[in-house]
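One structure coming up, written as structure tokens, with questions to follow.
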Amino acid sequence: MILAVGAPVFLGISRAPSRMVSAERMYDVMQGVTFAPGEVAMVWLDFGPNTIAENEPQAVVIIEHLLRRRVPVVLLSQYQQSERFLTRVPQEVAQRLEREHPGQTWRYGEDWINAGYKPGAAIFIQALVSAPDVAKFLGRDVTGMPIAHFPRFAQIGGVERVKLVAEVTGLVGVFDTVVQFFQKKGYRPTLVHGCTSITIPEAYIFLDSGQLNGLLEGIAGAAWYSEVLRKHFPASDNRDLLVTNTALSAAHIMIILLIALGNLIPLLNRFKRGRHG
Amino acid sequence: MEERNQGLSGGGVRRDTRALALRVITFLGGIYFFLYFITPESIIEGTKIKSAHEAISNGFIAVSSMAIGLGVINILMAHGSKFIFLKRGWQYSAALLLGLLIMIGSTLAHWMMTRHSASQIRDVQIIGDFAARIVEDAKLGAGNERSFSPTGVPELSKRVSALESYSLRIIEKIKAEESRVIKIAQGDLATTQLIRDSEQELLGLRESVSTLSANQWNTLDATNESALAQVSQRAAKVASSYAILKRKENGTKFSSRLYDFLYDGLFNHLGASMFALLGVYIAAAAYRAFRIQTFESGLMMAAALVVMLGQISFGKVIYEDMPSIRQWLLEVPNSAAFRAIRLGAGVAGLMLAIRMWLSIESAKSGGDKK
Amino acid sequence: MNGLEHATPAVIALLVAAFLLLFREFKRINKGFEHNIRRIPGVDAIEGAVGRCAEQGRAVSFTTALTDVGPVLYACLGVLRSIAKRVAQYKLKLLVPQYSPEAMAVVEDSVRDAYNEAGRSSLFDPESIMFLSSEQFAFASGYMGLLHREKPGAAFLFGSFAAESLVLSEAGQQVGARQVAASASPEQVAFFICTCDYTLIGEELFGASAYLSRDPIQVGTVAAQDRFKLIIVAIISVGVISATISNWFPELSWFKPLNLLSLGWEGK
Amino acid sequence: MDSAALWTSGSTLVGGIATLAIFSFLIKENGFYRFFEHLFIGIAAGLTPVLVLRDFLWPQIIDPLLGSTITHYPDGTTSERYQPLYLLYLIPIGFGLLYYTLYSRRHSWMAKLVIGFTLGASGALAIRGFFSEVIPQIVSSCKPLLVFESGGALALWESVNNALFVAILLLVLNYFFFTFGREGSLRSRSANWGRPLLMVCFGAFFGSTVMARLALLVERIQFIVRDWAVAVGSAVGIG
């Protein structure tokens, strides 16, 4: 197993990832949303270290796309363990973008803010939705600065101005809460979702019903999304993700072989015994 | 004998009243959100509820977030005693307590640090806000200003001079700090450049502040207004670049380093590894456990195979349309079947929610021990 | 797309229906009405597994894994109680490994009840309800160890499971136990299906429990659920028909009964 | 090597050790593993209280209560009046503090009241959640069995898919009815047809879960054979 996975990683072998229709559609959705001045995107990072493998790449591609579009992003979470990712992911994306475009800057407080961990799940979200002023409702960011004092985020106003909501999570029930409560009369945000592979089959029923507008399917989805991004922003570099994805494919093959063996060998034995006895 | 019976029955009565109290409180816990939901928008809009809803919800969250101490107390009780009395496995309890305390400590320290610099940044922002507010209030006219003071809002000239002296004080403070930071960051071009820029902005601000005293401030005329507007614009610039500088500086402080180390060095790796074990289990089970014995499991494995091949980069090698077959399988049969499951589960959830809210549990199934 | 923050007339109607159904069922059952609950294959599997243990004189293990005190646990207890009764009758050994202390108290009571009901209260051994650990994987490895020691002839996995499900069910498979699982969470069902002899899916747990325990509250809830789901099925059927008709005969496309669901109080 | 780089490589080194410690569980449960496992539990437990305080209690409850959301201007005026209604926040705070009666035998029933209160709230919200989730689900399940292209010709593939979708949906729903139809009636006989259909769904779950679990493993192996190995190398290089 280690070998199957290690080889691509070590030699940096990377194959084009499998085509993920859902990821392509999601790119168009994210590209399609238009943001007037004062309107923002809200990104929920609800994953801890447990699902870092799948959720972090997803968070990266989503935030990367929004920052490339210069959309002001409000980051927050329903899950305390995502504390670190709320600060790290956008920082790293910003640094990468600045390397990619010398002279341009992506900065905290201008391009994104981090409202931190918000307890209360459903109660919090339904209050957020009915709040007259989102910036005021969110109070302070993690550094203790009132969010209303960041010029680009002061003018959000009601939740109607949150045009896009992204939910990246591997937890059961968290995504459901957003689907159920992030809406009010005459308002439903464009909702995109990065899910760990476990919940892919679940997410599809929400895609079908239009309650969910875009889906990243585990790491494969993130890999294909980064391919799509690269098509539109050729300078962007995503080799690491592709290597990971290739290693993952190798691991899949191993598993399939193991299952096959596990079923064939007993069968053969029975067949032999059948002949001798 | 007599007394004991009294006592027993008394206890029984108390238990009943408590059970009743529990039912009532549980009901009250739900009644607000229930009514909020079933009342039509149009009626709610009329009432004050809509404006208070935000605060009320916060109140609910406040109740449950009062539980934050429980986890820590439980750990301290369980592992603290183990550690103190050196019971078996005390060294593990020690590790646990260590993790707990370091985490609380460093996260608190990190918070305090950022809070402090946030308030410093705020001090700078106030220049701009205040300048803008002076204009706003003057336009609203004496008596109905937005600003508030028990002794009444002072007249224009007093406020402007207050603004002036305050701004000059802050500007000096920032100057001092920047000269300090520039020493720390020698070599780091980005930071030095930042400081150079903000020095320019500071000069700009000071200049526009000093023009204030030149004007007449008995009324708010066009020149006055533009002067104040300029101050607030430039102050905002200064504040934002000062904020950037502060964040850069904080990043290099020990408490941030430790904080990052605890998360990136320990917490994330430990958590990731714990669950990575599952990857090993599944690999092991693939050979041992996943036997296709029944028609059911055969059917399931077939579907699983399609999905697995469809989502990996080698899938296309085996069959060109693997990804699209996977897509179809997820979109049609899977979605239909899972939606049915979900609807069923949803209905079950609804009934259970109603039972939970009205505390309907059969005593036989231990409901009374809730 | 319109969102829902306050109930629409249709929602109120459905909500009222839900309340009425629930209380109607409770009332009927208290009056002594007997629902004939479908005997699902899962029940046969459960009884078969216990019977096998009786023949071989092997122990029976039953775990509610990570389930904490709540409706799901009560459903599991409905099943556990009937299993414990048979175990008591056949004088078999019962193993009930525990994860959460709160649940443990409730579980112990209902097992004791079962032994009493079977008239074998003397055979009840409190040790058989054993606390392993309240850490997911510590519990899993503890369970593994237990099964390898005791080699039960039947292992029942009922309740809410998470990532540890595979570890648990594989352990049972290795010691050759007849395994029946019931998972409230669909993510884990797949693993049970390929490692257990029979798997109850989702609400089947409630169905089986109602069938075995005949507990009025549980039976009433299941009955009410069935009737509410019937309403949903009816709505969907009407919707499908109307959608088909309006596709087939465009001149009839004004006929959209489904719009009633999203109709607001203002009538639009 | 400047301090920043030292800190990062340091955390990589420690991270690698931690990873290996956890993986040593695969050989057998050992003290090394238990130590790091407990460290993790401790860290995770330490996270919540501080974050709840920092990100919710402080900004949303205590700030308004203390009036620290109000700006004080240099001329002694404030941005707005203090809103005394915020004092009402003291009620939920006080009520919530009853949680801590758990630690007294005599008064622990009061903690049950708080728990009951929160349960009631979540129950009532779950009712709303059900409808806001399920109604769109129902609506989108009403797929036309016949789909025509703009030209008027029958779109066979779509029609078949829709019919399939509706059929599967209804059969599986039927599988989860328990109190209808006598033994042997068509409904109760048809009930079990739903099960094979469910298997396709669970196959999808199986395949996806395999990917999820493997992804975790791959990420770790990647970290060890790449980042950690490099860090160790450079560390040895230094020493």
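Should a chain be cited, it is by its letter among A, B, C and D, assigned in written order, with residues numbered from 1 in that chain.
Following the convention adopted for this analysis, a contact is a pair of C-beta atoms (placed from the backbone, for glycine too) under 8 Å apart; a residue touches a chain by one contact, two chains touch by 3 or more.
This structure is a prediction, so every number in the text was calculated from the model and none was measured.
Engineer: Mind having a look at which chain is the central one, using mean CA positions?
Structural biologist: Ranked by how close its C-alpha centre lies to the overall one, first comes D.
Engineer: Report which interface contains more C-beta contacts, comparing B-D against A-B.
Structural biologist: Here the pair linked by more C-beta pairs in contact is B-D.
Engineer: Measuring centre to centre with CA averages, how many angstrom lie between chain B and chain D?
Structural biologist: Measuring from centre to centre gives 15 Å for this pair.
Engineer: Centroid of chain A to centroid of chain B, CA atoms only: how many Å?
Structural biologist: 18
Engineer: So what's the Cα centroid distance for chain A and chain D, whole Å?
Structural biologist: Taking the average C-alpha coordinate of chain A and of chain D, the gap between them is 14 Å.
Engineer: Counting only Cα atoms for the centres, state how far chain C is from chain D in Å.
Structural biologist: 22
Engineer: Spell out, as numbers or ranges, the residues of chain D touching 2 or more other chains.
Structural biologist: 41, 44, 47-48, 51-52, 54, 56, 60, 121-122, 125-128, 130, 132-134, 137-139, 141, 166, 169-170, 173, 176, 195, 198-199, 201-206, 208-211, 214-220
Engineer: For chain B, give me the residues that contact two or more of the other chains.
Structural biologist: Residues 33, 37, 41, 58, 60-61, 64-65, 111, 260, 264, 267-272, 274-283, 288-292, 296, 300-301, 304-305, 308, 311, 330, 334-335, 338-339, 341-344, 347, 350, 354, 356, 370.
Engineer: Hunt down the residues of chain C that sit against at least two other chains at once, touch-wise.
Structural biologist: Residues 3-7, 15, 186-187, 190, 193-194, 201-203, 206, 229, 232, 264 of chain C each touch two or more of the other chains.
Engineer: When you draw the chains as points and link the ones that touch, which shape shows up: line, ring, star, complete, or other?
Structural biologist: Shape = complete; every chain linked to every other.
Engineer: Show me the residue ranges of chain D that touch chain A in the complex, using the header's touch definition.
Structural biologist: Touching chain A: residues 44, 47-48, 51-52, 54-56, 58-60, 63, 69, 121-122, 125-126, 128-130, 132-133, 136-137, 139-140, 201, 204-205, 208-212, 214-222, 225-226 of chain D.
Engineer: Across the complex, what residues on chain B touch chain C?
Structural biologist: 36-42, 44, 274-275, 277-278, 281-282, 285, 288-292, 296-297, 300-301, 304, 338, 341, 343-345, 347-348, 350-352, 354-356, 360-362, 364-367, 369-370
Engineer: If we count contacts the way the header does, which residues on chain B are in touch with chain A in the complex?
Structural biologist: 33, 41, 50-51, 53-54, 57-58, 60-61, 64-65, 111, 114-115, 117-119, 121-122, 125, 236, 240, 243-244, 247, 260, 263-264, 267-272, 274-276, 279-280, 282-283, 286-292, 301, 305, 308-316, 322-324, 327, 330-331, 334-335, 338-339, 342
Engineer: Could you list, by residue number, the parts of chain D that touch chain C in their complex?
Structural biologist: 29, 41, 127-128, 131-132, 134-135, 138-139, 141-148, 166, 169-170, 173, 176-183, 188, 191-192, 195, 198-199, 201-203, 205-206, 209
Engineer: Name, in rising order, each residue of chain C that touches chain B in their complex.
Structural biologist: Interface residues on chain C, with respect to chain B: 5-7, 12, 15, 18-19, 22, 26, 69, 71, 73-74, 77-78, 105-106, 109-110, 113, 137, 163, 166-167, 169-170, 173-174, 186, 190, 193-195, 201-203, 206, 213, 215-218, 221, 224-225, 228-229, 232, 264-266.
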